[in-house]
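We just call them A, B, C and D in the order they show up, numbering each chain from 1.
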Amino acid sequence: MSTQLCADADEAVAGVQDGSTVLIGGFGMAGMPVALIDALLRQGAGNLTVVSNNAGNGDTGLAALLAAGRVRKVICSFPRQADSWVFDELYRAGKVELEVVPQGSLAERIRAAGAGIGAFFCPTAVGTLLSEGKETRVIDGRTYVLEYPIKGDVALISAQRADRMGNLVYRKTARNFGPVMATAATTVIAQVREIVETGEIDPETVVTPSIYVDRVVQEGDAV
Amino acid sequence: MNPATRSSHTDAPLGKHDIAALVARHIPDGAFVNLGIGQPTLVADHLPPGSGVVLHTENGMLNMGPAATGSDIDPDLTNAGKVPVTELPGAAYFHHADSFAMMRGGHLDICVLGAYQVSARGDLANWHTGAPDAIPAVGGAMDLAIGAKQVFVVMTLFTKDGAPKLVKECGYPLTGLGCVDRVYTDLAVFDISSQGVSVTHTFGITFDDLAARLDMPLLDATKP
Amino acid sequence: MSTQLCADADEAVAGVQDGSTVLIGGFGMAGMPVALIDALLRQGAGNLTVVSNNAGNGDTGLAALLAAGRVRKVICSFPRQADSWVFDELYRAGKVELEVVPQGSLAERIRAAGAGIGAFFCPTAVGTLLSEGKETRVIDGRTYVLEYPIKGDVALISAQRADRMGNLVYRKTARNFGPVMATAATTVIAQVREIVETGEIDPETVVTPSIYVDRVVQEGDAV
Amino acid sequence: MNPATRSSHTDAPLGKHDIAALVARHIPDGAFVNLGIGQPTLVADHLPPGSGVVLHTENGMLNMGPAATGSDIDPDLTNAGKVPVTELPGAAYFHHADSFAMMRGGHLDICVLGAYQVSARGDLANWHTGAPDAIPAVGGAMDLAIGAKQVFVVMTLFTKDGAPKLVKECGYPLTGLGCVDRVYTDLAVFDISSQGVSVTHTFGITFDDLAARLDMPLLDATKP
């Protein structure tokens, strides 16, 4: 259904339910939908499962959401960073669950959710702690681990530009998880630096077609 | 669908353009829709301007426009039936794996397909006549059948020989199991759900006459 | 390794071995690498398995390859068309094998080969003739069929433009199978309408990065 | 690698820049390469101009340029270590699923990684110290380990405490099984294959002294 253009980030994140699984784009700060995360903090939904590459940096954005006790579980590839003190403390205190997923398997599991794939045999993590308890199979002489889709109730992503229909283009490596997360959540919310008229984005260059995007909000130079 | 639409009926069977027009009226504004090859394509001609309905073609495009004519014909721009088409503002192109991921992932609101047969459970048969010398060719039919949130079928209710095409069990090889939500025919419209098969519209036939000609229990939903 | 710019289509298809699996792009004539198929006919490799959406139209291109007896097996979604008489006759005479694959499963199986996925559970074709004998599994209440990758020895594709490094962009719906096939073959050969200097394609708009492309040949307005 | 390169040795252990330079010399012209975070990044500084080596960064880019400085710093353009980088002509951007499909699908020629330990069978341990209070964080390490056609490891051969890091069996949690093809260290270079572990270069140590300090059979490939 048609993409909704929102007046501000608060309108964009309205209605997120307690207990939701929230996919959050970005790799470090590149592509991080900071304005939407801040709005989600104000919105108040709690008991969230957050799926993102990292587990928050510094004291803002995802780190602030964690600090406010809104996050029950984090699914990510790389929680521990120089500036991930908020997550580190909560994790050591047993106040947040953690599922570590190899970065490529994380991206592919999100893609699988968006692409209607029930599960897939993946060669990553075979023979490691991160495949313990998972089904394995030898196919054509190579061992694979069965991985399942990760689907979101909500995705918060950041893009460079939207047209009024909701087609998105990204900028440089800020693209990262945005396009796959946009395919894998019931409600996809994008903050963009610019909204242009429909027809102003070359159809050959659209990265996320409007079908995937539910709400768009312009948020200055948000990154 | 509003109650007035649900209870509509006419005194005469619908022609294929009437069926297409009815389907078009039942597609919500702003829906993302794939129209299968053949009769379903006609639905596009009846979508009102400003409906915001976005057409998907599985060979890699959203916001497909009408068929191309004259100098607009571009061999690089065709629909799934390989007919030259046009591009509307807000279009997007993508490759085949992305296009079918979009479909399989349940992102299309509605897909409209033709059929040889539909069963009372919503099984669809539309790709193979089962003839022993037929060369099987499925194209995107099976992906479309299981991918869209809702599958509408358009077909005549009976074959030229008078055999019903809405049947207890499909005799033709299946395209998908339990995937059809609604069947639009010249004589009636049927909703298929876990409750069974409901007749929502009749055209030139009474519910009782319809029930007598079809070998399955029917629920009468023609009255508002 | 670096992409080779070829003088003509004959140079581009040199070395294709008898018995190869050849992925051929195109959907109908859009995106069909006609010059490369014609060159493959001259090159002479036989006993080929051809993976393509269709099984040839009219008497040229893939149909000519079939007519010359070079093709042992066709894997495709839609062999039967108004103008597929060459294939039809060979098939009815038992002179060519056929594996029919739903179009989306065909695309996803090719993608899986390119993406290092061992197999995937797919909801398409469940309960139909095309899943007979295949492993099925119920995941989260839905039934899926296990599908395996389709990998090529060679891929012949058509694109709009290459830079001298081998980055490719396509045009409109001629994009179709090209980008996925480019990921899934040992040797990827692209015919393009235009070759430009490296740096002349906007990096945001590259559809097939040069890493996937082994040989490029400019072939006029080949489609 | 030509025989002269294979048999090279020096009278002193290599520093980390020397190791990086040696790895760079062993990367064929035109190769597609991913350099892991940390010490492997140094390899980029030693790739000769005109080598045509294309660097991949798993956060979605091919043909990454050197680190950005001053006004070239762009928060939208970083490498996998989140360091601002630049773009070279012929670059391409893609999303994370495409980037790791590229890696997992075996399209990268070489990946250079750091390591805590490598086993005689090529098992790699580089993501987790196994410390009970460590917060596990894998990033793209496991994908890189199993994805590239060849995996080169760069590390010191011994820990500060003198324990070998090339070992019979890894004690640290594994990143990947049997995935390492070559190990570049300050004291020697090792090839790992189904034939076993071969020493191809020594630096400031004799083959025999090396063999005495490592708990595994070693093949001497230092002589041409």
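Methods note: a residue touches a chain if its C-beta (ideal position, glycine included) is under 8 Å from a C-beta of that chain, and two chains touch if they have at least 3 such contacts.
Keep in mind the model is a prediction, meaning the values are calculated, not measured.
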| item | value |
| --- | --- |
| If a chain touches chain A and chain D alike, it appears here | C |
| Averaged-CA centre spacing for the pair chain B and chain A, given as whole angstrom | 35 |
| Centroid distance [mean C-alpha coordinates] between chain D and chain B, Å | 55 |
| Whole-Å gap separating chain A and chain C, where each centre is the average of the chain's CA atoms | 33 |
| Chain B, residues touching no fewer than two other chains | 61, 87, 93-94, 101, 103-104, 147 |
| Residues of chain C whose C-beta touches two or more other chains | 108, 111, 115-117, 122-123, 170-172, 203-204 |
| Which chain pairs touch, all of them | A-B, A-C, A-D, B-C, C-D |
| Contact set on chain A toward chain B in their complex | 1-2, 111, 113-117, 163-165, 167, 183-184, 198-199, 203-204, 206, 209-212 |
| In the complex, chain A residues that touch chain D | 27-31, 53, 77-81, 87-88, 91-92, 98, 100-105, 107-108, 110-111, 122-130, 170-180, 207, 223 |
| List of chain D residues in touch with chain A within their complex | 57-61, 74-78, 82, 87, 93-97, 99-101, 103-104, 123, 128, 133-143, 146-147, 173-177 |
| Chain C - residues contacting chain A, complex | 108, 112, 115-123, 137, 139-140, 142, 144, 148, 169-172, 202-205 |
| Interface residues, chain D side, partner chain C - complex | 28-32, 52, 54, 56, 61-63, 87, 89-94, 101-109, 147 |
